[in-house]
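A, B and C label the chains in the order they appear, each numbered from 1.
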């Protein structure tokens, strides 16, 4: 299943080397004070303001309302008839750590080994990935870039899509610990294990995971005890894995558990119950609607998508679209994500389907903004248009969940972003390729 | 031929002792003793073989009727007399069935892979240099193979006889064109399995070339098999033409003889039918397409969904050698049936709670399952000629599957007997000698201890081509 | 090539079949009067408050205040939109197998013989407003198998799903996929784009040689059989592969070529010009925009993704503006799915063409209706709402490009195959009785990774990635 394809590796070695990943953006962003006027402002947390004003000062939103005095220091942006939204957050992507998924040498989201809490997507995040500008000009200003491999893949990072270093782009280096629990049911047509074997293997793997957490707790207690009073104690050996688990055990970094099927979800809920003091959320949960009440009761937020085919062949065709709405109705906090890399920018359309099939417009917008911000613990910085928050926002000519809507201007951390990307540059170069000869 | 050796004699005697001791079947003793005597003589006197007569048995005829207190007389493998008034010749070794035994015409497996050489395992096949242009055998094209030439020892033969089979159509296990179809007299010793009818058909299926991902070859898909089938037919046509021309015109370049293509000539010439193993409705339609293109006669083997094409099968005059390797009964349905049977005793069985969704699922599942197990019934009702073929099903599964066929498949015991005897004989074209117990037909029948559908029914003796095979002692 | 002539031939074949007693089963043709809708004709603008009368499967009349003939059901579509059924020029939705990947050239195989009419995804596609798909062979081979155009008549036989009289098509594939599967995987040519060109040329040449020899043989044979003396010819066996290749050269088959890079697109046009192949469509063609003028000059068509890119190296330097650039340069372009999920939402995929490059809404609509119809040689039957065309239409709750719009009814030949108001959960028509409700093996693979294009799906197994092998 996780076998590396030798041919891909060879091919990648052969041509991966000259695969430049520069974004080639030459235009510089503007930075300073901006006043966006006349727009319908969708604050997300404080309702909608018609014909309002947003003031940006440096990295932050200074003011949101309809009664501001705009001095000459501000660069005015007339957005009459337009809409302003907080920058969208794509809460689950490999953007920045996977450049071309079929070219193995550009794939940095899967380290070897089963327990890698000390692997940071932050480290491998390529600020110059061609996908970064392509994504941000579509209104997705922030992503959770997540590794994926083994049981504990590492830590996903919350990254703004503007900057020249991971450090300057990072909203939260440890956005989530990414984890995949074993499956207690068969794996599909290729899985020829007996029911008994499946159960035994499941229990074995769960035991292994629990043991890892037990060790981490022990390490944490031991280090704390030493730090509290080192006198007469030998300094415990440093263990990078265990060390990386400490912020998770403290509840500062949530654990993202990847699940799909009904039983996997129930198993995950069961597992989280036996691990108190930590934060969790589910990722995927394609069959979440089947156990929405149970998820809600367990208080687990969910990151999900809508554009996939029904998980069971006897499911109604609408279930994937309805899934977020049905979970939200049961009281689950839902974020909509792309679960993609280079097409991270399509998260708004995934949300559009959720909106049309039960979630509703307002909740769908939340599912792209404040909800993921809260789930990752960055709602003090992003996720809504509020004074004091990071100036991550965009101006659109309509409802951003609509595929025909155009995103006209994006701000990230106060930077007025050049609306340019490889896609746009190629468009400009080739729309009338031979114009010079005409 | 069955010659009794000392061990076997001892075995017969010890079996007799067991029976005497248990005292359940006293009338059975003389029969055993006579078998022993009679067969010894048969071995000694090859010139004028004495006859055998089995008396006082219930004969189950292929048409569903039974004849009680009947006698069968046979000599040299041929039935001389049968019925209640059968004349027992002076040189017949008479065996008394004691009115407790049941005789059925020998069951015929229309197409089995017993005795077939093992297929090489995928991982043992060497990687091909040109997977797109493999040698015929690696493509699964082996129509030249005859079971009579490659038959190997197989425990299934004995198991088959114990299950009541005396006769079978065999083909070599393989892929798209695995070999030829031949009929055999069964024996419990593999080396005594004798050819009854030589190469009267070719076997085929939509199976792609073997080898898996490492060493597979063209054709690797259903559509590839379709195309490759056509191509070998075209190639065979051209070779045959060339051979015909050359026979008359030796001055022209000689053809490259090719046993594989030459084995296809009877199919090209529409002289022999194609015994095609196929289950899905859509695959059956694909077979029709090939049949329309090449005009051969076809026999469907296995045919789980043949009912869905019953009318067209009838129209095309395509018989079906049906498989009864049904999907296991749905677990919930089995429980439900058991509960219903025990309901009368216990009223307070807890009711299982399931969602509407699952209820709906179950209804569809059951409908699909019933459609499968009533396949043969529906084919019979549509007047499609339908016989029986194990087509790979293991004999240990037979009784369970027969039970389903009788309980849920809408078939009576006599339907089943007919299916496995006269119907199958008709399809294989061996009905002049096999398939029913009549004067002049081959002496192939099985002696059961009770009616075959009753619990604990088993075959005590099996007579194949007149030779008696004895199981009780083994 | 002359499409009409091709159809004539097919028609003649049909007559012959009928004469010989083969029954071509009649499709179920329906009648319906859809009233008061905004009718998106595609070829004649949007008509407000208009009725569409379909009788016996054919659009009989488009106009205002039409009266329903006796016995014809009416549907009030006030405030709703009616558009032609969506056509997907690139699908693998219900293929039994997709890739006969063991030889670089497999022109003789055909998806016509790989149709699974029971795939529940057909219903899902209908629920997304699709009525016709081009079921294609995969992209493992330089010259793959022939395609089959299907109407999504869910519940009929494989034969009855076929789009009657649609042009024959065949799949070609250039670039990474054939070089990976054959060159890297099996150690046979092609390993490079250089090799890909020679595989095409080599096989065309062999096919022409074959044709010459075969015809000479048949002629000599007829002569010999007639005169009954002399020396008979050495037989030349009929060769299916070469026959199909000759049909391509003679213009009887539309080529649909999987391709990405601009250079390989130019290469194939060069080869086709040399052999006189005229009607072809480049599938995916992520870099088609770079050679849009050449495509336009050669009359080549394109069928592209709305926005997929960067999942493999040969699509890294591409743009979501591809379709708009092609359209602006006069290339007949369609938007395809190549994916069972995208097939459900092709209307919104087309809407992205408006987003990326300001293509007009009507032109974007053409990319999922009229243009794929042209590319499949069925534009005389479907692709727009016109009198005399097939009654393949969809009623949408709002404009089909609106994310809130839902297909409410989908008609094929005037017969309603999807009705949102009467939409049951379990729409399977073929059930495996051995699969229990909870059975994990029934869990369909959720299509969310684009490491490979879907059209290489059967060959994952060749490349050792068993888990990705899709078998639902």
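Basically, contacts are C-beta pairs under 8 Å (C-beta built on N, C-alpha and C of every residue); 3 or more make two chains touch, one makes a residue touch a chain.
The model shown is predicted, which means the values in this text are computed figures rather than measured ones.
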Just to be sure I understand: the centre of a chain is the mean of its C-alpha atoms, right? Then which chain's centre is nearest the mean of all of them? C
Can you tell me which chain lies farthest from subunit B, using the average of the Cα atoms as each chain's centre? A
Report the inter-chain centroid distance for subunit B and subunit C in whole angstrom, where each centroid is the mean of the CA atoms. 44
Roughly how far is subunit A from subunit C, centre to centre by C-alpha average, rounded to an integer in Å? 36
For subunit A paired with subunit B, centre-to-centre distance based on mean C-alpha positions, whole Å: 61
Residues of subunit B that contact two or more other chains, please. 357, 361
Residue numbers in subunit A touching 2 or more other chains? 314
Give the residues of subunit C touching no fewer than two other chains, as numbers and ranges. 425-426, 428, 464, 466
How about subunit C: which of its residues touch subunit A in the complex? 120-121, 123-124, 127-128, 176, 180, 184-185, 289-290, 292-293, 307-313, 316-321, 324-325, 328, 340-342, 344-345, 348, 351-352, 354-357, 361, 401-406, 423-428, 438-452, 463-467, 469, 471-472
Counting only contacts in the complex, subunit C reaches subunit B at residues 22, 96-97, 99-106, 108-111, 113-118, 145, 157-159, 186-188, 221, 231-241, 425-426, 428, 430-437, 458, 461-462, 464, 466
Subunit B contacts subunit C in the complex at 129-133, 209, 213, 216-224, 226-227, 230-231, 234-235, 237-239, 241-242, 245, 248-249, 251-253, 282, 285-286, 289, 292, 327-328, 330-331, 357-358, 360-362, 364-369, 372
Residues of subunit A defined as touching subunit C within the complex: 1, 3, 5-8, 10-11, 15-16, 19, 99-103, 130-131, 134, 183, 185-191, 260-261, 263, 286, 305, 307-318, 339-343, 345-346, 349, 352-353, 355-356, 399, 401-406, 422-424, 426-427, 430-434
